[in-house]
Each structure stands twice: as C-alpha cells, then as structure tokens.
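As written, the chain order gives the labels A, B, C and D, with residue 1 at the start of each chain.
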Amino acid sequence: MREIYLSGFNTFVLPFMFGMLFVLGWCLIGAVRIIFQLTPDDRKKFFLSFLNPKIMLKNIRDWFCDCLFHVKLWKRNKLLGYMHSSIAFGWFMLIVIGHIEVFLYTPQRVHQIWYPIFFRYFVAVTDSTMKGSFFFFLMDFFLLVVLSGIVLAIIKRARSRIFGMRRTTRASLTDLIGLYSLWAIFPLRLLAEGFTADISGGSFLTKSLNLVLHSFLSDQMNMLPTWWAYSIALCIFMCILPFSRYMHIPAEILLIPMRNAGIPVRHARKGISRLQVYSCPSCGVCIDACPMGVVKANSKDATVYLNRQIKRSNERRIEEISDKCLLCGKCTAVCPVGVEGDRIRIAQRSIRPYNLTPDYSNIDENSAILAVNNFVSTENNVVSNTNNERVLYFAGCMTALTPGIRKSMESVLRKAGVSYEMMDKDGGICCGRPMLMAGRKAPAKEMIRKNTNIIKASGATTLLLSCPICLKVFKEEYELEGIEIIHHSEYMDRLIAEGRLHVESSDVRYAYHDPCELGRGCGIYEQPRRVVAAAGQLVEGAKSGKESICCGGSLGSLSLGFEQRKLMTENAINNLTADNPDAIVTACPLCKTTFGRYADRPVVDIVEVIDSKTGN
Amino acid sequence: MIYQGKQKIWSDYQKEIPDDHWYYVRSCIRQNFFPASEKMFLEICRNVLGKDFHENEHHTTCGGIAYHCDTIPQETAMTIVARQFALMTEAGYENYVASCITSFGNYTEILETWHEFPELEAKIREMLWKSCRKEFNKPKYLAHSSDLIYKYRNEIAEKAKFHLINKETGEPLRVVEHIGCHYSKMFPSKGVGGAEYPYVLTGMVEAWGGNVIDYPERRHCCGYGFRQYHVKANRGYSLSNTHKKFESMEPYKPDMIITNCPGCPYFLDRWQYVIAEMEGKTYGENGCGIPVLTYEEVAGLVLGYDPWDLGLQLHQVAVEPLLDKIGIEYNLEDKYKGIDKKDLLKPELPTSIKCF
Amino acid sequence: MKEIIVIIGGGIAGLEAASNLLKLGYSPIIIEKSDHLGGHVANWHKLFPDLTPAKDLVDELIASSKDANIFLNTEVSFINRLKDSYNIMLSNGISIITKYILMTTGFRLFEASKKEEYGYGIYNQVITNSDLEHWFNTGQDKRIDESPMNAIGFVHCVGSRDEKARNSQCSKVCCITAIKQAIELKEKFPDAQIYCFYMDLRLFGKKFEDFYTKAQRDHGIHFIRGRVSEVGENIEGKVIVKAEDTLAGKPIKVTLDLLVLMSGMVCNPDSSKTASMMALPIDSDGFLKSSDNVFHITASPKKGIFYAGACTGPKTVPETLAEARSAVLDIHSHITSQEK
Amino acid sequence: MNGFGFRLSPSSAINLDKVDRSRFEELCSIEPDALRCMSCGSCSATCPAAQFSGMSIRKVLLNLQRGKEEEAFRLMSNCMLCGKCTMVCPRGINTRRIVLTISRIYEKEEKR
C-alpha cells in the first residue's frame, strides 16, 4: 500500500466537495425546519420514539428494507425491485466499503471526506494480497451491481411495461438532469478507476477495462479528466438533488422514524406531509393505481404529480388535483415510501377558506334520542341473547337511498334474534365523514358531537353500520368508549361463526368488491369474504383486497362530475367481472348504487345476499 | 306604444249608456273627502246639460266596504242593494248610476251573480220583502257616474272655458289617469275600454285637450285596499303601494292625476304628504306634489267653475301650479273661505311638501 | 279511371298526402285558400330540434306533389252530399264530384292581441313567435331593433291552457319552439339575457329534452316558472314584464328589449266552417272530432271523409307528416276494399 | 320624521334588472351544470339537513340566480356535504362541488 499523492488532495475533488457540502447543508436545514413545523406534542412524540427500542428496531429494519432493498417494489415486480435496490444498495455498499478501505489503509485520512470516494486515485493497494484483492473484488462487484441497475433503468425509460408499469411518471427537467447525472456517475467512476487500475490496482472489472483502454489509449494524461468528470457528475447530481425526485433519498431517511413514531398529517404543506412530498421518488406506482387514470387526462392527477406541484407551489394545480381525488386511498396503499396521498389532499382541502358558516343548531338530537331509547328484543328469539347485547343500527345517509340494504339488515338481525334499535329511522344526522373529506373538521366535529350524544343516550353496547364511509369516521373520530363499532359484514361473520345465523350455501358465483373505506380504510378484507363464501362461491376480481379499484362513486372527489365518473365505474366493473361471476357483491351502499348504474349483472350488498340465503 | 292598438281595444269595449233619466246614488265617503265632486256632477248633468237625474235621501250604503272587509256576508250586501233598487223602482227609474266605484263593482257583481244563480235572486227578493216589505226591478242600465261624464265629454268640451293645455307652452298637459280597481277589473266588459286599457278617463282627458301617460304601474291599485288601510298595522303596506305608483310615474313628470274612485284620489293625495314626511320626497315641481283631482272637479275646472267652489282647497297637494298651467285665475285670499266668504280657518301647512 | 281525392288545405299535411296519393296512382286535388302552399310551415324559418330549414321541407313537399291539381286562392263554397259521393263547389266556380275528401285544414295561431295584458299590438317591443320567424326569414320587422339587446323574454302558453282565452288544451309545440327561438336569438344577441316564462315545460318529443338542457347549460337561457301577469312600457319604450317566480314564491319583474309571445294553436275557423258543410262533429277542444282518438285519428265519422294534421288538434311537423301518410293509406285501403 | 306608526314596507319582488350575475356566472364557468337544474326537488327531498332547516340546493341555486345571496347562504349553512343530493340528481349535477365552489367564490368576493 502506498499513497500516491502526499497531499492527499487534487483540485478535481472540489466539485464533489461543493456538491456534498451543499446537499448536506440543505438536508440539515430542511430536517430542522420540518421537525420544527411539527406541533409541540408531535415533536415530543417524535423524539421520545428514539428511546423506544421497539420503534428503533423497526426504524432500522425499515431503513434497510425500504431505503436500500426496496422490498415493497420487489413484491410488486422483481425486475423493478432489482433495478431500484441494485442502485441503492450497490451504491450504499460502494460508499461503506470505500470508508472501510480508508479506515484500514489510511486511517489518518478519515477526516478528508473525499478520500473514500476517490480512494483509487490517491492510494495504490497491491491486489496480490488476500485483503487487497478482496476489497478490489467487492468494489468492482458492487460497481457492476450498480451498473446493471443503471442499464435496467435505461431500459425502463423506454419500455416500462417489462417492469410491470403501464404508465411512468413524466420526468421534469430537474429530474432529467438528476437522472442523467446519476447514470453518468457510475460509468465515469468505472472509466476513472479503469484508467487508474494499472497504478492503484483493481479487480475483474477495472483491471480488464484498464487493459482495454491501454490497448488504444496509452497516455496517462487521460486519467485526470476522467476523475474530473466523475467528480463533476457527482457534483451535478448532488446540486440538483434537492430540486429533483432524488431528494427522496435523504428525505426518506427522516420519514421512516417519523412515520414509525406515528406522527399524523396535520397540515398539507408542513411537517410530515412536506417530508412525504420530498420522500416521493416519482416512481409512478400511484399512476397505475389511481382509478381515475382510466381517463387518460386524469393521469396527471396522481399523487406523484400532486407532490411535484406542491414542491413547485403551483396552487392552481394543487387545488385541482386535491379536489378531484376520489380518496380511495389506493395510492397510499401501494406507495413504496408511504406518502399518504389521500391525507395530504384532505389536509390541502382544509387549508382553503370555507366561506359558509355551518350552523347545525337547528338540528334537534333530542327527538332522535327519544326515538332510540326503547330497546326491543325481536320476536324471533330462537338463539338466546347471552351477553345482553344491545345493537344500535345506524344505516346512514347512503343506505337511505338503497332501502334494500336496510330492510335486509333488519331481517337478518331479526333472524339472528338480535336486540336492536334503528338510530336513523326517520333520517339521521350525517356521520361527518363527507364533511371531513371536504377538509372541514369543525363542522364535522359538530355532527360527531350530536351523533355521539344520541349513541351514548341509547344505552347500546354495539353500533352496527351498513355504510363503510360512516364506519371509518366512527372508528377514527368518535369517542365511544365501551361501545363496539362494527360493520355489518363483520357482524354477520360473527353471527355465522357463533351459529346464530344459518346460511345455506349455493353455487352462485359472487365477485366481492372491497369498498375503499372498508378495505383500505378500515382494513376489513377477510370477514366479508368469509361471509360471501358461506353463501356461495367467492370469486376475486383481477385486482382485489388492498388493490381493489374504487367504484368511482366516492364522495371523496369534490369536482368529478357524474359523466366523468362513468369510465371509472365501468373499469371497476370490468375488473370485478374478469372471472365472469354471476353477481357482484359489495358491502357499501354507495358502491352498490354506483355499480348498479352500469353493471351488466346483479349488484347486491353482502347483507342482501345473506338475507336471501338464510331461512327463519 | 301603438295608439291604434289601443283604439282597437277601446272599440271592442264600448258600453251602452242611455243619455238621460238616471237614478243617482252617492258614495259613502266621497262627500267627506272631496265634497264638491258629487255636487258638481249633479250641477253639470242637471244645470249645464239639462238632464234628468233623480236622487233619494233614503238610500244608504251599498255595503261594499263591509263586504270587501269581510265583515258582512254577500247575501246581506245583496239585500241592501236590493233595497236600493227598490227605491229606484219606487221613484220610477230604470237607469241606475252610482257615484262610487266600489258600489258600481258591487252592483255589477250582484247583478251578474243573480244572472248566473236566479234562485239567489229569488231568495234576496224574499229577504227584502220580509225585512222592508219592498219589491224591486233590476235596473235596465247600470253605470258609474264617470261613464256619464265620459258620455257627455264632448258636450262639456264644447262648453269648455279652459282646456287641459299648458297655457305657456301650448303643449297638452301630461295626465295620469287612475281607474278604481272595482270599475272593470272584475268585469272588463262592464267598463268603458275594458280592464287593461280603460278608456273612460282617457276619453275625457283627450276630449278636453290633455295627453294621457301610460306608465308601467298604471294598472296598480292606489294602495287603499280596504283592509290594508283600515288596519293600522297594515298601513305601511298601503303606503308602499302608493309609493310604488309614484315612483313609476315620476319620470313622466305628470302635471296632474285624474281619478274616478272615492278612495283613490284621497290616498294618492294624502299619501303624497306622508311620503314627503317620511322620505322627504315630492313628485311635483318645486317641492310640490302632483295634484290629484276627481273627474268631476276636472270637468268643473274645464267648464270654468271657481276652483274654491269646487272644493280644491280640501286637497292636501296644492292645485295652484296646475291652475297656473291651465291659466285658471284664482284668488289665493279666498282659498280658505267657504260659501258667503265664511272663514274656514287656514290650516297649518306642512313643510315637507309645498302648500299654499 | 283514377280516383279523385279532394284535399282541403295546402299545408304540409295536404302536400304530403297529395304526394303519396300520386305515388299510389290517384289523382289528388288540393284546394288552398291562400296564395301559397306549405301553410304555416312555409312562413317558418327553421324547425326544431335539428334546425332544419323549413323552406327545404316545403320545397321538397311542393316538388313531390307538383303533379296534383292545385287551386290556390280558392275556398270551398259549399258541399253537397250525393248518394255515395260529394259535390264540392269552389269559390272559383269549379265544381268537383268526389268520393273521398281529406281535410288538412290545419290550425290558426291564437290571436295574441286577445291577451290584452300582454300588450300585443299596443307596445312596440311585443311580437309573436310567428313574427319572430318572419323576422328570421326576412330580417324585416320594425319592432326589432338590430342594435344589441340586453334582455329578451318569451311568454309560453299564450292562448294555450287558458280557459279564459277559451282554449284549454296545450298547443304542444310552443315550449320547444320557444327554446329553439331563444337559442336562435341568443346566437344573434350573445350578450342578451333571455328569459322564458313558462307554466310547465312540456318537452315530450325526440331530442326535445336535449335541446332544453342545451339551452340551459350552453346558452344560459333562464327559465322562470310563472305566467306573465302583465306587461307595461317604461319611459324608454322598453317593456316591463311582471310575473310570479313560483319556484321562489316571489313576484318578479324585468325590463326587456323584446318580448316574444308564444301564440298557441287554435282550431282554424275555416276548418269548422267547411266541417259544418258536411255536418262533421267538433270535439270539445274546438278541433275536428275523429271517429276515435286512439285508433282512428285520421277517420271522420262520415264515410269518405278523412283527416290529417292539425285540424284534429295541435301537432308537430313529423306528426303531421306521419298522419298525412297514414290518412293516405286509410283512403287507399278504403278504395281497394270497395273495388273488391 | 316618522310619527305615523307605520312605514314603507320593502318590496318582496325580485327585480331581475338589478341582479348582479357576475358571481353566479363565475360559478357556472366552473360548474356549468348549475344551469341545468330544473327544480325537480329531488335534492331537497333527500337532504338530511332539510328536515331540520329547509335546506335545499335547488333553492340555493335559484336564490343565487335571483340575487338573493344572503338567503342562499343561510340555507347552505345547514349543509353537511353528505352528497346525497348529488347522488339523486336526475341531471347529474355535481351539487356538492357547487356548494364548495360557492364558498370559494364568495370568499374571494370578501377579500376584494
């Protein structure tokens, strides 16, 4: 081992140093700002989370799995996963091994941060020793890994379908600069190390290249320009990084502990949501996921573009994108870095001034309280009501438009001998979720307060809901200690399991549609499937579960008109009918109404299926 | 406006009015409001034109006000009217002329009702017999007294000393004609010119040299509206309707308003003072109001009667600017002097609207 | 020998019937009292809902019926019933003996001046639907100022569904005509606000509803539910319209540069006159009475006399044409059954 | 002076000549379907707020077109944005968006 240059410095490191310091400074200031934008409570929670070993362990796992190995992308598509993880992990290893080399060979140079990056230029190591050849091999190997990733990335630019992506993000100018500089870094490093390999040593890649180069370029003077080019490519990449999608690399490092600490999105442009926006790698997974994407023009309204417009502060587009979204939550479900597209949009909606002063003082909950205050047992008390359960059934606004669901639900309750009471027999107060979706927290709170009064006054032990839109808000926003909040699909699953409801199976093939608010919203996927399977043959749509496609009728969108939703609904129906089921089953009155408009086969609610398949 | 179009409608709505021999009934309220009007009607018909007009001191109200205020049932009103007809029959007349528009409307309505429901007429005859031992014939012709002045308008014009023409400019006076609601709105065919474009007052104004203004709220009620005025709480509503009319006619700068109803001239006249007090707004020239006259008063002026003999001093809105325009001479000294120059005492004059 | 069929009325029903009778080899005679063929449609500009030029339709009908015997400026003086035929005496002195008479006497537009409160013939800016079509065709109407207008109004149901106007039935076509004319005026005067005062909108026909929503959405035409109560004139000579906005429950008024009255269809008095010569019954709506209003709308109760078009009630152009063809078929089957 | 014990009562009539349509037109430029309302009343019939307050989106649209903005606002203050009206509208009018758009347009107005 020998150091080639005693000074350990050459001017070509300056561009790298400039870029490095710039990006470090930028990220540091950004991190501090974001942490300060958190509410004091959230900030405290965030700092305390580092003391929690469980969270810390999770952080470490996520850092490796998400940032380096891109496990989520592997799950989606192997090639896509390899492409991302090869570049991320390969590069990470190059940096780590570079540092190990510095530690091992030139510990006195540790403080010169350019040293590990340009190690081969400054230090010649004999590759004949075991130690030497091992590191040379490792470095060449990971360089090869990265280069293979780069080659795939170039292919992906042209043919994204191979990677399981129908549509990719349209790159912005800064993204392109970042991309080309990133692509340039590793071939340039290979070139630079190739030129130096005969002096500093190398392994299979660099040595071989050295021989090839020397066969037609004998001049040693070629060496320095390549190192300059390598340094400049690094500099360009780091300087453009904060303004391009590559900002996700540092941002995600902070996002992971913040997410694991459980910090919620509170403001569309501050704190964790800003961090999420910067963590967006523009991978474009959300573009294909978006149910609106079936209309091509809507591709520009995917979360990735929302993030981009927020970075650009393009207010008009931010509002447009935020208002249009159906809030189906699929982009959040599929996002590899955990950008909560739906929550950011709701938060964005809440920033906007609402000139109406909502006033619900004339809503009289007392008469509703009186109406629910007389629990009656159903006549058919075949199965004894052991646990003294009192069910309050809130059908919800949307169910009022699908009376079949309410009727079947009451019928099922009677058949199971459940003691129940209707909460909104003569029309109820909205649960507040649509208001929350519009970003209006205060009026929603008022509705929540009134409904809470009614529920508490009823003496119910269980609140049964038919509408998943209600379910989500009841679970998340209502404080109903001691009262179980349950969707009818879960409840029927339980009734069947407890033997209180006897369902006759049939060979009707049902395709089950996961309503957004029930599946992604409340994580209820299995219970309805068990219920459907009890009544017939369960068929899955082409995409289902977490990736089910919104029916298009969602109340989440504030701006999509009736006609504009048609194609989305038809697309969702095509997805469900891929396996040619006899009927479509859903568990949401809104999905039922929406599908019913365009479907070519019966659309029924899960409770209607069960009601028709249960005797007395 | 297409004048020929109106002429066509007028020709469609002509009514037969006998020239002579009328049984005349007065209005309940006109004698208090503008006392010289009814006197002038008889004066013109009897003395100037030499016609036979009979009146009887036993006639009473027609019951119209009570009927329109919903305080008596229709059958009561009909019996009262039947008694009036009995008086006419006893006097040997068959042409019945009413001074009051509401009476005229009331009589028309009752005659039409009897025509449609003869059993009701029989019942009323019975009730009249039971109550007063009287019998009656229905009038052969029913007219409002303005119908007669309309009929005599050309004779009056021939004898006219003055015309509704601005003496200074030679231009016809701009006249707003206001027809009482009960004249023809209920039974268009019973009024001269129909309900939409009544001709009865227009005919007089045209014959005497004036020019009638067609303004947007021409058809609107004067604001009296019986209950609207009689109940004090509703009086603002009554006033608002009058106000609406004045706002609508204002741009046309009318020189005068001619009316044929007992209530209308009173409210159009008095409310101008109230509006002036409340809003500080006057609709005439130089802080004055727009003079409101009955058709008899106008006929009297045209024929050269002394304004103070016509009772024009009892108008709230000063008539002097109008007299000046027409060129009628008057003695301001005598304004508040009655018959035989008896001093009527000069009232306190308001400041919000110019009076003399 | 060719069977002679007398068609009374040279409107579109008469022309279409004549053309079809000619195709079947009969010899139709058209008697038309006015100096032109095509009736009301000939004076119309464009037809709803596709804005087809009325002239094209009338020209085509005239061309296809040119081989018929046509008497213009001719009226029926009297008709005698012979044993199994009719002797028709015309005002030009000609008499015709025929077994078959087709009444295509059509309708007459309600005289808008009868609704005195709307001021037709009194106020300069009040015209009728027919006047407006005439203006569309010729560009000549002293009442329509070519300078930009601020506001234009349409009054639906003028003389229709109006018992006081002695016409209690719906004239069927005025709603859609008003919408058509409103769109046409909006295109000519894009800055004008256009108000349609209606009692009910009866848009029953093919594409009518589309036309309506187009008027609302694309042309911003205001539809106000309420019958106009009275029309006045302000000092600038503009018309002031008063109505109740029944949906808002409030009186409403607006100043307009032009008011178009949608005169309805009433029975043509000439039609009743001719009908009385043959003792044909009149229905309660004043139009000619068919032998059955569902099954035999084109048949009269009298042998050999048939109806087509608006003489039996208000009809649209396509309905009238269809009825004319239907009547021809009725006559044809009647003749062929006689021959057997 | 007003010693009469009564005063002029304001007119309840809508004067279309004086209605300022600019804001309504702005609304229509964003949501042209606002013009397609035919006042069928489905929206009010299904509205959960209607039974408490008389809220009616068709009346809101009508009031805005007639220049009665305050009345429209009074009605809208009861809106719970539940979207039932949007679901039942036979003409597919995005009523929810209309409410939200109104709230924005008039906000801007205040700032001006």
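By definition in this document, a contact is a pair of C-beta atoms (placed from the backbone, for glycine too) under 8 Å apart; a residue touches a chain by one contact, two chains touch by 3 or more.
Keep in mind that this is a model prediction, so the values were computed, not measured.
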item	value
Of B-C and B-D, pair with higher C-beta contact tally	B-C
Greatest separation from subunit D - chain, by CA centre	B
Whole-Å gap between the CA centroids of subunit B and subunit D	46
Centroid spacing, where centroids are CA-atom means, of subunit B and subunit C in whole angstrom	46
Distance between chain centroids, defined by C-alpha means - subunit A, subunit B (Å)	85
For subunit A paired with subunit C, centre-to-centre distance based on mean C-alpha positions, whole Å	66
Per-residue overlap in subunit A, given as positions that touch at least 2 other chains	none
Sites on subunit C at which at least two other chains make contact	none
For subunit B, residues contacting two or more additional chains	none
Subunit D to subunit B touching residues, read off their complex	1-2, 4-11
Subunit B - residues contacting subunit D, complex	232-233, 235-237, 239-240, 243-244, 274-275, 277-279, 352
Residue numbers on subunit C that touch subunit B, as the complex places them	113, 116-117, 119-124, 230, 232-235, 237, 240
Parts of subunit C lying in touch with subunit D, wherever the complex brings them together	151, 193, 195, 201, 213, 216-218, 220, 222-223, 225, 245, 247-248, 250-255
Subunit C-facing residues of subunit D, complex	12-17, 21, 28, 32-33, 35-36, 38-39, 58-59, 62-63, 65-66, 68, 91
